[in-house]
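You will see two complexes here that share subunit A, one where it goes with subunit B and one where it goes with subunit C.
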Partner chain A sequence: MKKTNFLSEYGALVALVVLFVYNAMRHHGTFLQVENLRNLVSQNASVGVIALGMTLVIIAGGIDLSVGSLTALCGAVCILVVNKFGAGMSPTMAILLASVSAIVIGALAGLINGAIVAYGRVAAFVVTLGGLAGFRSIALVLGNGGEIRSQVPALGDFGFGGVAIPFAKDASGGPVLFYWSAVAFIVIALLMSFLLNKTRFGRYIIAVGANQRAAEYSAINTQTVRLAVFTLLGALVGVASVMVGARMNSVGTGSVGLYYELDAIAAVVIGGTSLRGGKGRIWGTVVGVLLLTLISNMITAENIDTNWQGLVRGVVILVAVLIQRGKKENE
Partner chain B sequence: MNRSKAFLYASLGIAAVSLAGCQSGTDAGAGKDGGAATVGKAGKQYTVGVSIPAADHGWTAGVKYWAEQATKQNPDIKWIIKDAKEPNEQISDLENMKTQGVDALVILCTESAPITPIAEKLHDAGILIVNVDRGFTKPVADFFIEGDNKAFGRKSAEYMVQKLGGKGKIAVLEGIPCTVNTDRVNAAKEVFKANPGIQIVAEDSGQWNREKAEKVVQNMLVSNPQIDAIWASDDDMALGAETALKGAGRKNTWILGGAGMKDIVKRVMDKDPVFPADITYPPSMIAFGIQTAAGMLRAGKADAKKYVPRHVMIDIDLITPDNAKDYYFPDSIF
Partner chain C sequence: MKALNGVSISFAEGEVHGIVGENGAGKSTLMKILSGVQQATSGQMLLNGQPVTIHGVKDALKRGIAMIHQELNLIDELTVAENVFLGRESTKSGMLDRAKMVQATEVYLEQVHAGFPATTKVADLSIAGKQLVEIAKAVASNASILIMDEPTAVLSDPEADSLFALIAKLKQQGTTVLYISHRLVEVCQICDRITVLRDGVWIETMDAKGATPASLANLMVGRSLQDFYPPKAPKPTGEPIFELIDVAGAGLAVRAGEVVGLAGLVGAGRTELAEAVIGTRPIGNGQVKINGEAIKIRSPKQAMKYGIAYVSEDRKGLGLHVSLSSVQNITMANLRDYGVFAINGKKEQDKAQTWKSDMDIRAGDLNAAVSSLSGGNQQKISISKWLEIQPKVLILDEPTRGVDVGAKREMYTIIQKLASEGMACIVISSELPEIIGLCHRALVMREGRIVGELEEEQLSEEAIMHLAAGVEAH
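So, the complex of A and B:
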């Protein structure tokens, strides 16, 4: 048995630690502030939640390109619902109702994607490409091509609310909050990790992705499994859309969610999950999301033209994939 | 090495570095970057963040240019200029600027509503907020400068009504959803409504983008065989509209843009039939915002607010062949 190449297994984690240490030493006055560390987790929490769901879909052998557009659609639903009920009931109830609506719509959309993929036997790439266009279009119709503004200020407060981090103070002496979106990201990561690694359903996902024929012969209902992962991803997109809608207290139906699918897939790939399916890990995706946020943070701190960001990301993705290729050949 | 060991080492590494960093540098306070900038003669050195939209059309490119010019005029202050492609990115930029210890922020929103919550938070945290052009949806800023968009809408619409002799079919091209756009469109529509001979046969948003406007106008032309003039509200969109008109072979439609792009002003000067007039809306207003922020900080935030009005509106002019040479700046980037 060849020894697993350490770098190919933990490459992303190593990169994260190295860059973290680099930034800490270079900008220690600002980088290590609790606020900044909190930002590293919270700024991409919405994409992160989507990436977690995307991990499972990719492990199961599928892919979902419609998540960005679906974020806009669910976000639009969320704001519309909160506006409709915000006057009649307490803001908390309205926000709860809006969140549930967004998640339900997301799950429904995921269900449709999954059904066409599993039972209609159309390639996931094609189905979700249709979703990419279709969901955005519905969102634009709901928003009349523009943004939908929330009339419930409590939603915006919720977007910047969270758990106070003990022993931390920001520049003006106030508490530093660990935003609810960041909390959700971590909680969902733990849940998905448990789902994948410790439940039978998780093993089915891996089996379906690794070898669909063999999974069928093992009496696994591959259609149900695939339907389920797409639905789950849809629901997580709903969660992400609430995070985004709360942070902005509005949803720009044309601009929200743009390129989220690429960011999510990038995080999954960087984290070590293979696009071929059959193997992958949740913690890898978390590392991928944090790495992408860190790179973004660095580009601001070093005052580099933001236009370079795309190239940097592309290179990081390529390097990540090449390193993993080494892993495949060793086995 | 198995997975848990790797995690353990990684976490220990990060924890060690964090502890070391927290003890040596300033703790959770607004520490400035490693001793680079010189302290101003007046005492404290200020840091100001400038957050603007990415240059996706001529006007925003003009904003970036003027922002860079204005910050160069104030070298005693540390400036961080960042442009953002969309609201989520701009919110992250603003959060990052806060951790970098800015004393003031000059903000031109990518979109009005999404940026308002974070701006309010930052204002409550004690940062001076200067809002330029695209306003917040709540009066959060300490100083807000905008062009008089209602006058923009009104004057442009009045010109069109007058040139059409009170009768005609027009198309309306809107911009990005924000207070700027809403004020312009509403004011223009009020004028059009008051003149029943004017009929709006098509309206859509070109997002202040040349390519988008071209596509949108193409669609408008297909469904409307007769359009006398286009209220384009922006010169980038006007150029996109012109391409669409040429492509459809429509020769008699003229366009009224806006913002005073030098190429369009030249064509107004040369009496080009497609561009009979233009409306000013200078991107250099960002420079005014930056200068004001610098001035307010130097005077001491609390005092300065007494002398600076909360809301300033820049007047809008109609550019016609008679006065176009006064508005033509060939060396300008916009």
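So, the complex of A and C:
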């Protein structure tokens, strides 16, 4: 009786596969190289990790516009901590401490966002719009308006470290590393997918997003649930900030994380999660992140003026939403 | 699965045509096709002898077919007048002519005896009030065919009476009214002809003069419905396990195994009373006692801890997550039992299957969205969800609203069974026969206060109505 429209359900995945095959055929020499595929996953891993947390926030009926600015703030904290303790202890310990600091600051910021949304009953859009302006400002203060450079080279090495991919050799015969950032992206995606689909917390997220009052009447503490998703997203922003900071071995407080909120929301929406809440999927967001990465790489590879990139993204987002709307009418 | 199969019916001009059938019989589908919400896969519709195809609600309206929905389709943030004129606003030199719209709306509101002005925000109205606005809106469209889907489900008796008067008037003006209702008494009363559907198949169209509620009920279920109300659970004695003190100006006490009715007109404050008990509304100076011990409840979660469950009248808005599956709804309040962190999926599925057979839930796939189920089956899921927490006190708010005859009877049996097993049940109902047929005792509310208590032998429609309407001085 119920028709499930294949394209509206798996449209983003189909688009990803089609573009992948197209690229593989057109650039058969380079596209399928292990390094290139690795880059595809790791390139936007930081936005990806944020998008995973954003998926949960959006399913719970919220939104978070502050994640980009928060990335800069957490990144700044990360570098400052690593610089302060880098001389006094082993680099590994310093990096660990810096990472934990960044994640804690991120979680705290998320907690504040979530508390105002859940207990202050202010719309998430407005609260996090405040965060968008505020967190960036704190980051700029920490960085005196500019870049904070790491004095611990080990942090930069960490950014380019990873697990050796078996059997793969680069041009000079060395091992090809699967970067830690990509590892983190995949592991966190699996964790979030488990959290959403197999745990009580995940079920409550869906219930709160689908119908908050019905959730409350079902003896669910809806405020705690909303507080928790924002906090979790904040912590994941902390993780993403460490990836970015390590990769550059520095954080430009004015430039890092710019438009991350839009990229993350775009990936979530392209992946088929409803902006109205109550319905969504983690794997869709992963597809959304990869699709956006692939498209921007293609624009570079085809020597198209990169100024066109924004337009292409915009069209992709709109098409994704239109297909989803078509699905709703079919139901 | 076909909702409707080879049904052919004709409707005459100026006729009130009743359409009855159990939930899932295809009434709503038929009406959706007529009003253009849904398209028929085969067959045709003749309007004044001409074959027509209706593309959407707007097209239907243009052809003079208007529908009053069972689900209310009003915009909460707009006023009554703005809703009534939505999409066809009066204008004066390009600007909205508010005064004219308000004035015209007042006339329609008067016809349905609504006691509120046209400038009221819809959000501030009760469900009954919203229903009256829906009716006014449909009447205002000057349709020649008016479809009413369960219009009296949320109305009190006086409100329903004024609706019947309005229908009689429309009929005189030549309007055809298609009247869908589960309330067979009123169908026999106000209709000229009645069509019975069962499982999407046309059973009979008859003259209303020869029809009785009993004969209709038999046709609808295809079997004889003799004792509509099952025998009551044995009347318990002993101390009450649940008490309200100084709530709604009086008190209320329920023993284990007792079914206590809460009667009154729509808007008398019965739902508000229940919500005060479960902590979604302030209780004022009132006190709740469980087993003689005073407790404080600030949220449904705390109410649940004390074993108090509330099955809401508003299934779609508060009682269920209609976009989620039956399984997910059944375990929603008791999810902790399926794992503190990870959910035991198998246990969850098994338990849902148990409820499905225990409650005779007719759902093809328990993992499909609840929105696809009929009202009766949704209600069974809503009750299962609360029985899951093994409550001591069960508050059922209009448990048979929007539920068909067969499922109604099942609901009564379930309530008596729960009571005989020792559950303290409070049944809020606007249907007087239901209070009388179901309860050991009833309290009557009026204007937010409990105004009287009737023992089983005192229960009669007159006695309840007198208290509910405030005819006798108290």
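Brief remarks follow.
Heads up, the rule we're going with is that the second predicted complex is superposed on the first by the 331 of 331 C-alpha atoms of A that agree within 3 Å, B and C clash if a C-alpha of one lies under 4 Å from a C-alpha of the other, contacts with A are read in each partner's own complex, and residues count from 1 in each chain.
Keep this in mind: a residue touches a chain if its C-beta (ideal position, glycine included) is under 8 Å from a C-beta of that chain, and two chains touch if they have at least 3 such contacts.
No experiment lies behind these values; they were computed from the predicted model shown.
Residue contacts after overlaying the shared chain place A:32 against subunit B, while subunit C stays out of touching range. When the shared chain is aligned, no partner comes close enough to touch A:325: not subunit B, not subunit C.
Contact with subunit B, but none with subunit C, is seen for A:247 once the two complexes are overlaid on the shared chain.
By the touch criterion stated above, A:221 is placed in contact with subunit C alone, subunit B being left untouched. Looking at the shared chain after the overlay, A:211 reaches subunit C, while subunit B stays out of its contact range. In the superposition on chain A, A:278 contacts subunit C only, with no contact to subunit B.
For subunit A, the partner that touches more of its residues is B, with subunit B and subunit C as the two candidates. Listed in rising order, the residues of subunit A touching subunit B in the complex are 6, 10, 13, 16-17, 20-21, 24-37, 39, 43, 145-147, 149-150, 156, 159-160, 168-172, 174, 176, 244, 247-250, 252, 254-256, 258, 296-297, 300-301, 303, 306.
Taken in their complex, subunit A has these residues touching subunit C: 1-2, 194, 198-201, 203-204, 206-207, 210-211, 213-221, 278-279.
Of all residues in subunit C, those touching subunit A in their complex are 1, 278, 280, 299-301, 303-304, 310, 312, 317-324, 328, 332-333, 335-336, 338-343, 345, 368, 372, 385, 389. Against subunit A, in their complex, subunit B makes its touches with residues 1, 6, 10, 13-14, 17-18, 21-22, 24-26, 28-34, 54, 80, 82-88, 91-93, 95-96, 98-101, 110-111, 113-118, 120-121, 125-126, 137, 177, 204-205, 207.
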